[in-house]
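Worksheet: the structure to be examined is printed underneath.
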Amino acid sequence: MKIGVFVCHCGSNIEATVDTATVAAAAREFPGVVFATDTMYTCSEPGQDEIVDAIKEHNLDGIVVASCSPRMHEQTFRRTVERAGLNKYLFEMANIREHVSWIGKDREANTNKAVDLVRMASEKLMNNQPLYPKKFTINKRVLIIGGGVAGIQAALDCADGGLEVVMVEKTSTIGGKMAKLDKTFPTVDCSSCILGPRMVDVAQHPNITLYAFSEIEEINGYVGNFEIKVKKKATYVDWDACTGCGICMEKCPSKKATDTFNEEIDFTKAINIPFAQAIPKKAKIDPEFCTMLKKGKCGVCAKVCPSGCIDYEMKDEFITEKVGAIVTATGFDLFDWTVYEEYGGGRYPDVITSLQYERMLSASGPTGGHIKRPSDGKEPKDVVFIQCVGSRDKSVGRPYCTGFCCMYTAKQAILTKDHLPGSQSYVFYMDIRAAGKLYDEFTRRAMEEYDTNYIRGRVSMIYPKGDKLLVRGADTLMGTQVEVDADLVVLAVGAEASKGASKLAEKLRISYDSYGFYMEGHPKLKPVETNTAGVYLAGACQGPKDIPSSVAQGSAAAAKVLGLFSKDQLESDPQVSTVDIKRCIGCGKCIQTCPFGAIKEIDFRGMIKANVIETICQGCGICTSTCPQGAVQLQHSTDNQILSEVNALCQF
Amino acid sequence: MKVININSSYDSDFVREVEEESGQKLNLCYQCGKCTAGCPYTDEYDISVSQIMRLTQAGQKEKVLQSNSLWLCATCESCTSRCPNEIDVALIMDVLRHMARREGYTGTGRVKTFWDSFLSSVEKNGRVFEVGLLVNYISHTGRFWTDVDLGPKVLPKGKIHFKPTEMQGKKEVAKIFMRFNEESAK
Amino acid sequence: MPVLEGKELRIVGFLCNWCSYGGADTAGVGRFNQPTDLRIIKVPCSGRIDPLFIVKALMNGADGVLVSGCHPRDCHYSEGNFYARRRLEIMQKFLPILGYEPGRFEYTWVSASEGQRWQQVVTEFTDQIHKLGPAPKIVGPEASDTLSLMQAALK
Amino acid sequence: MKFQEELKESIRKALPELDVVIGWCGSFDPLHATPHFIYGEEDIEKLEISPLNVHNLATYLPGMRGKKVGVVVKGCDSRSVVELLQEKLISRDDITIFGFPCTGVIDQSKVKKAIGYVGNVQSCDMSDESLVVVVDDKPHSLKLSEVLAEKCKSCRYPDAIISDYFVGDRIAKKDPAEPNYKELEKFEKLAVSERFGYWLKELDRCIRCYACRSACPLCVCRDHCIAESRDPHWLSQENNVRDKLMFQVIHAYHMAGRCTECGECQRACPVDIPILMLKQKMNKEVLDIFNYEAGVNLKDTPPLLSFKMEEENITEKDW
Amino acid sequence: MNTSLNYAYYPGCSSTGTSVEYDMSSRAICAALGIQLQDVPDWSCCGSTPAHTVDHSLSSALSARNLDQVASMGLDSCITPCPSCLANLKTAKHKMQDENFRDKVNKLLEKPANTQVETKSVLQILVEDYGIENIKKKVVKPLTGLVVGAYYGCILNRPAELMQFDSREHPMAMDNIMEALGATVVPFPLKVECCGASFGIPRKDVVMRLSGKLLDTAQEIGALALVTACPLCQMNLDMRQSQINRANGTKHNIPIFYFTQLLGLALGLTEKELGMDKLCVSPRTLLNSIAKEEQIKEKAA
């Protein structure tokens, strides 16, 4: 093999602490290396051209680039060598930036280390083989998981683009968190007025199949050809017949059912439609509270239902859908703020969450848009808002900033004044994070026009004093402790990944961070992709997001899907396992350990042998490390390739 | 108000010393004020605890060590318990107090005198002898009316003894103090 | 290149592509300083790591071997690190009988976001290997080549 | 032996359905036995059951896949059969197992050590407690307990674990309850440098004949062993102690959770390298970590081919 | 029930003086419940707050001497009624796990410190080892009609990492015990607020303000009495209640019990055994009313 080595300066990113010229000079002495040089920015156009030229000039058939992480630019350089006519797998990278120049300043040690890494890369390269992808057809349908605003956006964009869309929503209506909001910042326009029509579009779009009150049971397959098992949970109401008239709900005698849509500030009926604009507008029975389902007595709903759609015998139903891509838009949930014992830990009825307050502000909410203290139903006069409850707080394991609380708190303070002109709002904040179009102006308005009293400091304690709540905090700008007698306290509770997000991630085989938020493919360059091909992210499942950002990401995910489906066939990654049929003794250990069922037993001239199904193989290599005789080899990470790296490093 | 030059007034040795002795990282503090918000002694402080944290972070040794607040902290742990960054603020107050003591600061004096009286009682008797402690404190401060009013109420209860309880190991305890004084003198 | 005498020891790392290699990248992006001894070999998954690679490295002269994968349950391939954990654990327990001190080889889990944890792992592991000193080496084709050297060193 | 005739009778009964039955018979001198392939009546008569039957006949089974094979097994051998069945390397339908209560086998190297020259053995008479070997007209009386193989002294499975025919009365003892690793534990107490030096010294003798591999009933890769392949290329063919030791580690690791400690590897070694210890170490850790013993239960899965989400006995390093 | 509860008992200095009734009642209830206490022989002062404000090694050395005394009894854990002693003994053990710090402490001691002895509060072992359910079974005189608030003070459960007991913000151990005894427990919102601690002598004004607030709150929520678990808290609220009234212009007359006293009462022990007569704010009327309530209940039954 004739190898060319390119050692990148990356401006001063590498050159500052690695002597790249020395690295190139050392590389020239390595076996197989016929050309080595250092370049300023190898990834730039002239840098890439240099590689192409060198391949032609020196007749190179293998390239090593020592620069940044392969997670950054491996794809870039593979395209470069392909442009020069080489197979793109006859290329290796040495990571001398993230793993060398950026983590230490010792130029001698760094240079020495960089030489080693280049040596490893070139030794591995000598064991590389040209690899060729296989083509396979794709199923141009898309699954959207989650019917919040991000999921709705993605679904409508895909459907308008001509794709068949399957949407699966956990609750009995789409709309997500946005449907619970009264108004939206910074325009203070009505949330349901702008979201409602889009929800209706989902229901009416000929390309969209909606499974509400359903969950993902199982996901199999791979990009282009996923097979999804959807669990349609029993609603005890035949939704095909239900007209959403609401008579059942009206007549239901069981009045103490948990009202999750209204954030439990009130109760609902055992049979219920979450809210008037629900999509689909269908009733469901909550079996925990239904006397009929619990004790076999009652049956009022069945009696009053004009279309006879109550079915107490209904069971969960499983449906299989085949799709080619998946968009997850599972959103967020609120942090369990009751760990804050100093705020009462949930013992004081007049300490509520921002989302509960939102339901209270909403005209369609249980109070009809009137602000009332949960304890006695009185109108509050002094309302205290506390920010960063479960945000920016390491002690409760939530060190990140939720990002949108500053804005909705300002909005709620403004709305409070609108609802109760005689009231006074106080906001305890640490910093006001209002980066966004018209955002800072909005928080200023809360102060300037609505006289909201912003107090810079955290609250240490809330306790009841008479029928008021004493809020004891700090005003760090004044440098002292302050106390506010409050009638109502609203906590700006931080966001965390929605419940069950990690479980779904396991099914999707995508990674998630320690808070349950899904990991994007690259923090900057692949914000909606995941590390699993064909699975995309939209909205707050990837990290807390406000409505505009969620919608933008929904559209971005849709664009990704449309882009993926613009081809009729996909290429499979050739970095998969292959079986050397001569060496295989048919012991089946690889079959036993493959997590994907990608290896099957075949009969080869009367002998049992293993065989890898390339499109199913994900390239983990468990089979390779399991096979005692090394008959299964993961391409591009073969035993010989790894051994050559070990041997390059450890030369006795 | 005095203008502070950040470059010249930052005492890095002081910052390092506080961090070493407390095992806490001062830069974790982001000045949310929750310690001050919960501190029962803020009323008495000349500098609030969050500002003590900031001044320490900023290396303003003089200003911190001369603060009366150090002597009024009762280590009630409200600050430590509630700090979102899990800084042991009460421990930092303790460490600052040690440093203030070493540098000869006493605040307004009465609290320190009381603590000293307490310890000398322990040094002498192995245990605290309450009456002795009070007498010692009074003789140092001249505040001879301290708690006299309680006399008629408490005396009949038989709680107050005019002799220390005897213990055998009091010499051992005294030795601990002796060695401590020797070690500190080193 | 030979190790920098008196400064470095030879430490080989096997890192899975999805989590730990990313974690090491994150540490780099965050400019988290680390000792320079470690050389990283990227593998797709900790499940790809045949524990014999570790023995091979040690017998070929490595002073320490570090393996890092995704945290259990976070494997990109769902199960790779579960297999790895069993296999690496057994090899770790086995190595001392060959005359390699416990601690020459460690395995751990670092996610792509845990740059700081990676820095800590590398720093501590490097420190641990330096405390152990160079690993015993096989120097020539015959045992006597090594044994005489070892005896000389013991005197 | 008392049940020898009974065993022959069982084989006679089963043979018509089988291609071959593997047992043992006398060898080149009275002190040795050899594997014996029984195809017909005349072969049955030659069958002998004695403490000289050291060979683990399970070793032949994977190579005879597809044939109907009978195999006579000692307790320890039967564990290899179980392991092979577990790993589906042989099919239960194809094999017929003959078991008997084994009281232990003789370690030839111990006999050699006790007697010295054993070139011309004229006779070898065995009783329950002793054996008398006549070499060059000189009788040597040896206590059986002195020349018994090490593994037999703490044998926990004297009867075949699995059999279609079992002759004789079961011994059925399982004492000690745990395998005996005293020697190993003594070795583990040596300083690290001593251990390292020990293996170099021992392996230096290795002539890379791979008899250890050929004798191992679970070395099923045979011609495809990675010791001699170039793809993958794990070992050089150079004569060096590094690769010799590496091979033994490869063998031990490939046996992890599978090895039944039949000891055939070490017995087969022409230069007496104590390689069984490496497998014992592996097994000791497997028992410790996974509470698992190979070849005792047909339904088990070898621990390295499975996993648990939470491993009770693995404590990972806390950084 | 575990019948073999046996502990080393560290009374602490105040037990010999201002909190003698805490000591008496703790011993009495333990005896009544079959919990055996062995006094730590020749115990000395733990150093309390003043020691740790001077130096941590001094503070730990003073505690370490006592931990050693416990070890000399052949025991590896001890209990104390006093939260301040508890905090010091626990802190000493915790800090001495660090080698450098241990060396510093050892320099002050006769012999190397014991670093294994655990300390728990009397309250903790009653809840965790004996069990509230079992206490309930032993109640012979329920505290019917007693409306009480539980005040824990600042350091009984803090810092949480060190104390490892109950909640640092909203402890319930005493509330639960009182409820088990038949008392009516009103939630006391300032359970863990500082009373002014040892500032009673040097800065009485601070105690007047802080303890005054606690008494005000008790009155506001309708508590007829408070229970405490800390000698300092009890002293500030009880002995200084008259001073507080004078300073703040209030007229509080709220008996401040140690929880052990009320527990003892419910177990049928005599007021004398429990040191009820040692309290400065007389509980007489209140105690009479409990008895009366009980009589009415009995009659009704």
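As written, the chains take the letters A, B, C, D and E, and residue 1 is the first residue of each chain.
We adopt the following convention: a contact is a pair of C-beta atoms (placed from the backbone, for glycine too) under 8 Å apart; a residue touches a chain by one contact, two chains touch by 3 or more.
Keep in mind the model is a prediction, meaning the values are calculated, not measured.
Participant: Would you mind checking the shortest number of contact hops between chain B and chain C?
Facilitator: Counted as steps through touching chains, the separation is 2.
Participant: Just to be sure I understand the contacts, which chains border both chain D and chain C?
Facilitator: Shared contacts of chain C and chain D: A.
Participant: Using the touch definition up top, find the fewest steps from chain A to chain B.
Facilitator: Tracing touching chains, the least step count from chain A to chain B comes to 1.
Participant: If we define chain centres by averaging CA atoms, which chain lands farthest from chain C? Would you check?
Facilitator: E
Participant: State the chain with the largest centre-to-centre distance from chain D, centres being mean CA positions.
Facilitator: In terms of C-alpha centroids, the chain at the greatest distance from chain D is B.
Participant: Measuring from the mean C-alpha position of chain C to the mean C-alpha position of chain E, what distance in angstrom results?
Facilitator: Computed value for the inter-centroid distance: 53 Å.
Participant: Per the centroid of Cα atoms for each chain, what is the distance between chain A and chain D, given in Å?
Facilitator: 55
Participant: Between chain B and chain D, what distance separates the C-alpha centroids? Give it in angstrom.
Facilitator: Centres of chain B and chain D (C-alpha means) sit 74 Å apart.
Participant: Which chain E residues sit where two or more other chains touch them?
Facilitator: 168-169
Participant: Among the residues of chain D, which are close enough to touch at least two other chains?
Facilitator: 234, 242
Participant: Would you give the residues of chain A that are in contact with at least 2 other chains, written as numbers and ranges?
Facilitator: In chain A, residues 342, 593, 626, 639, 643, 652 touch at least two other chains, as defined above.
Participant: Which of the chains are touching one another, listed as pairs?
Facilitator: All chain pairs meeting the touch criterion are A-B, A-C, A-D, A-E, B-E, C-D.
Participant: For the complex, which residues does chain B have touching chain E?
Facilitator: On the chain B side, the touching residues are 40-41, 43-44, 72, 74-78, 80-81, 88, 90, 94, 97-98, 101, 110-111, 113-116, 118-119, 122, 126-128, 130, 134, 137, 146-147, 149-150, 153-154, 157-161, 165, 167-170, 172-173, 175-177, 179-180, 183-184.
Participant: Contact residues on chain A for chain E in the complex?
Facilitator: Touching chain E from chain A are residues 341-342, 345, 347, 463-466.
Participant: Mind listing the chain A positions that touch chain B in their complex?
Facilitator: Going through chain A, the ones touching chain B are 342, 388, 392-396, 430, 456-461, 472-476, 479-482.
Participant: Please output the residues of chain C touching chain A within their complex, sorted ascending.
Facilitator: Where chain C meets chain A, its residues are 1, 4, 7-8, 10, 12, 17-19, 21-22, 24-25, 27-29, 31-36, 39-45, 47-51, 53, 56-57, 60-62, 70, 73-74, 76-80, 83, 87, 111-113, 119, 137-139.
Participant: List the residues on chain E that touch chain B in their complex, please.
Facilitator: Counting only chain E, the residues touching chain B are 13-14, 16-18, 20, 42-45, 47-58, 61-62, 65, 104, 107-110, 154-155, 158-160, 168-169, 192-194, 196-204, 206, 209-210, 239-240, 242-243, 277-278, 280.
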